[in-house]
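Order as written gives the chain letters A, B and C; numbering starts at 1 within each chain.
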């Protein structure tokens, strides 16, 4: 004899189970009118991705692409776990990671960005010049104070204070960290042997922030701090960022021109899977700490409507999307890469 | 100074010190309220409640989807957790002597103390991994696992507080046990039980940690329970650690809304409880 | 008299009471199911890390996802230090306030203030975090920490650069979060002390404070200690507010001004992006450690609180 209470208790649960089972089926998703595609990953390109997905949704009202910036490591992880339809990373997946995947994963470059050293020194508003040795030393913890000779030599006209440098790095697995440490490994044998290049390293010094957002937030609020962020974060938040000496010996500021030049050498020799590093490139005006960033898409997508939505977005991204990058200080892809990529999209089945 | 005067002095001084401690504790609440009202109040406007979030760096937008998302997730958790907690509490109070109920009680108390992030790990394994997606459902599972132990214990407590006379009276009139529970005991305890449930819901509505990797987040409206869903606490976290001033503004506004909700639920729960219901 | 028939299960079910008993029992048993699944999951998902590192996990301080090296020591250290700082601030304040509210204040004021303080317990963690980031950290970075450094700088706890974020910030915000628990439960314990104890002391000529401090508080000490343990368990597991102000650095440092990491904070930050299975397994192992720690402390706490309130009511 079930009391009314028992029945009332059971009904909502049964209803809930029913609803979720129903919602799980593709039919309901389409019936609702909007197709939701979930992606996660890099914070490096988040501002432009957010803009793109927003614009794409305005153009195609029935497609919603939900992108969460949790870091490149997160994007790779969630893609491998199958909880998101695509990932995003500034660090190309390693062969080992690709081997872990149940299906083949394709890399599609989207934009070119730059990682800049951003700092917050009360009283110093000038642009600082950073040598590779200075950057490596600061992040290794061997250069402790702002008025260290390594910094004052390169910045003759600036009065640098005798304060400790507060180093800020990423606390989680980050493609931006990979780009930064990849660069440091190339210019500093000390860094390469002690720390190495990866999405997540054992930092000799400093505080951790979550995402490019967290690092910029910390640097903005902490006096005498130095961190590495993607260019747009420094610009959008009116933060000072420095120029870096490149392989030809010139101090180059990160901007559209210098970032484009960084990719120039590799554009013609881009491998088929698009996995390259462009840090410390040749070229007298090239910015030394630049990188492609990739969307990670499985080569087989079982749901056909999701597949066409993603493929459609990729094509839109290569044409309309590229026109929107400059406003956010990302450099568009070199034309050779665009052409090669347009052909590669057909690999998504 | 005589010994007597010294003792009176000590008495007065300790009175003041302990009063200061109590005042400090009370001031903390007013500090929190003040800060949130000042910073949040400035940023609260209609678009906060009606618009979706904008891309970073663009000013404007709101958290409409997070407000609804939080409601969705809490609703799921409540639908799952309240019946289980309520009926389990009835069991412990009415049928509960012996080893088995003792274990259940003890386990419920222990589960009550488990950090919510550990519950998040549990929900990830139980709901996210098998379904291969982040979802409001998974978030609801995580929160319900926090809600159930609390609800079981508070339901049991308030049912136990109902005088035995009422039960015996019903039984004497010929009602079977379940009927006496359903028609006499539970209605007598309903105020306390409702309070316990409201407080439980208030607690889970403010939780953020377990949602980070269960319901994840979403810039759009969630049209189904099977999709990642935005929620107020997670948005506050994300916006607060970002560098964008506009996002900070919105985090304050969201904080104010969340706190107002918490206080509303808590105060109303306590007011429901106070008139006459058995307090322990 | 009828012979007792063999009651089949279905026969018994026709009896409404048995059905009610069964159904409510199943729902109550769900608690055991949840606990069982939780323990299973925590042990199961941490197997890889447990087998690889064994007990060394707790004594190694290197956390290097790239090299596959995971040591829990910095997180355990951070969790313990922040909780210790929190308790050092919250316990004196909390017990002092509880004494005032239970013994020295007029009842109406006591009830009103207690109501307000218990509302503090309802404030979500992320809101404490919000306040910590925007209100507490700047205060610490500029007036407070340099001040502490200038007068207490000879101690290793107050040395080093002052970032604002760090152990002290996390400890302070935790203190704010656990004070309501200490006050609430200590107050209950003090109130449950039978009145004749107080009256006996007063009859012997003690002042109100002397009666409280020398008679009532010792009587209720188990409950008060229990409240401290409960506060500790709460502080250990606190995630959001701490994640926002701890500085996210897996290191062990003596100074309170230094940045560190706690177990809940690292789980929150790294769970979604642990690409290697070993990394995820190590994080779950940390979760297991946290789980066991809070269970043990909670169990002890409840025993103590129970002992006091039972003793109080039994003898009144």
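Definition applied: a contact is a pair of C-beta atoms (placed from the backbone, for glycine too) under 8 Å apart; a residue touches a chain by one contact, two chains touch by 3 or more.
Just so it is clear, the model here is predicted, and its values are computed rather than measured.
Compared on C-beta pairs in contact, B-C and A-B come out with B-C as the pair having more.
The chain with its Cα centroid farthest from the Cα centroid of chain C is A. Chain A and chain B have CA centres that are 36 Å apart. Each chain gets one centre point, the mean of its Cα atoms, and the points for chain B and chain C are 16 Å apart. Multi-chain contact residues of chain B, defined as those touching 2 or more other chains: 83, 87, 178, 241.
Counting partners per residue, chain C has 16, 19-20, 23, 243, 272 as the residues that reach two or more other chains.
Residue positions 1, 3, 6, 40, 209-210 of chain A are each in touch with at least two other chains. Those residues of chain B whose C-beta lies close enough to touch chain A in the complex are 54-57, 76, 79-80, 83, 86-87, 128-129, 131-134, 137, 178, 182, 186, 216-220, 223-228, 238, 241-245. For chain A in complex with chain B, the residues that touch the partner chain are 1, 3-6, 9-10, 12-13, 16, 19-20, 23-24, 28-29, 32, 34, 36, 38, 40, 46-47, 50-51, 53-54, 57, 64, 66-68, 81-84, 209-211, 213-214, 216-217, 219-220, 232-233, 236-237, 239, 328. Within the complex formed with chain C, the chain B residues making contact are 7-8, 10-11, 14-15, 17-22, 24-26, 28-29, 31-32, 35-36, 39, 83-84, 87-92, 94-96, 100-101, 103-104, 107-122, 124-126, 145, 148-149, 152, 176-179, 181, 199, 202-203, 205-209, 212-213, 233, 236-237, 240-241, 248, 251-252, 255, 258-259, 262-263, 265-267, 270. If you check the complex, the residues on chain C that touch chain A are 14, 16, 19-20, 23, 62-67, 137-138, 141, 161, 163-165, 243, 247-249, 259, 261, 269-270, 272-275. Considering their complex, residues 15-17, 19-21, 23-25, 27-32, 34-35, 37-38, 41-42, 45, 92-94, 96-97, 99-101, 104-105, 113, 115-120, 122-131, 133-135, 176, 179-180, 183, 207-210, 213, 230, 233-234, 236-240, 243-244, 264, 267-268, 271-272, 284, 287, 290-291, 294-295, 297-299, 302 of chain C touch chain B.
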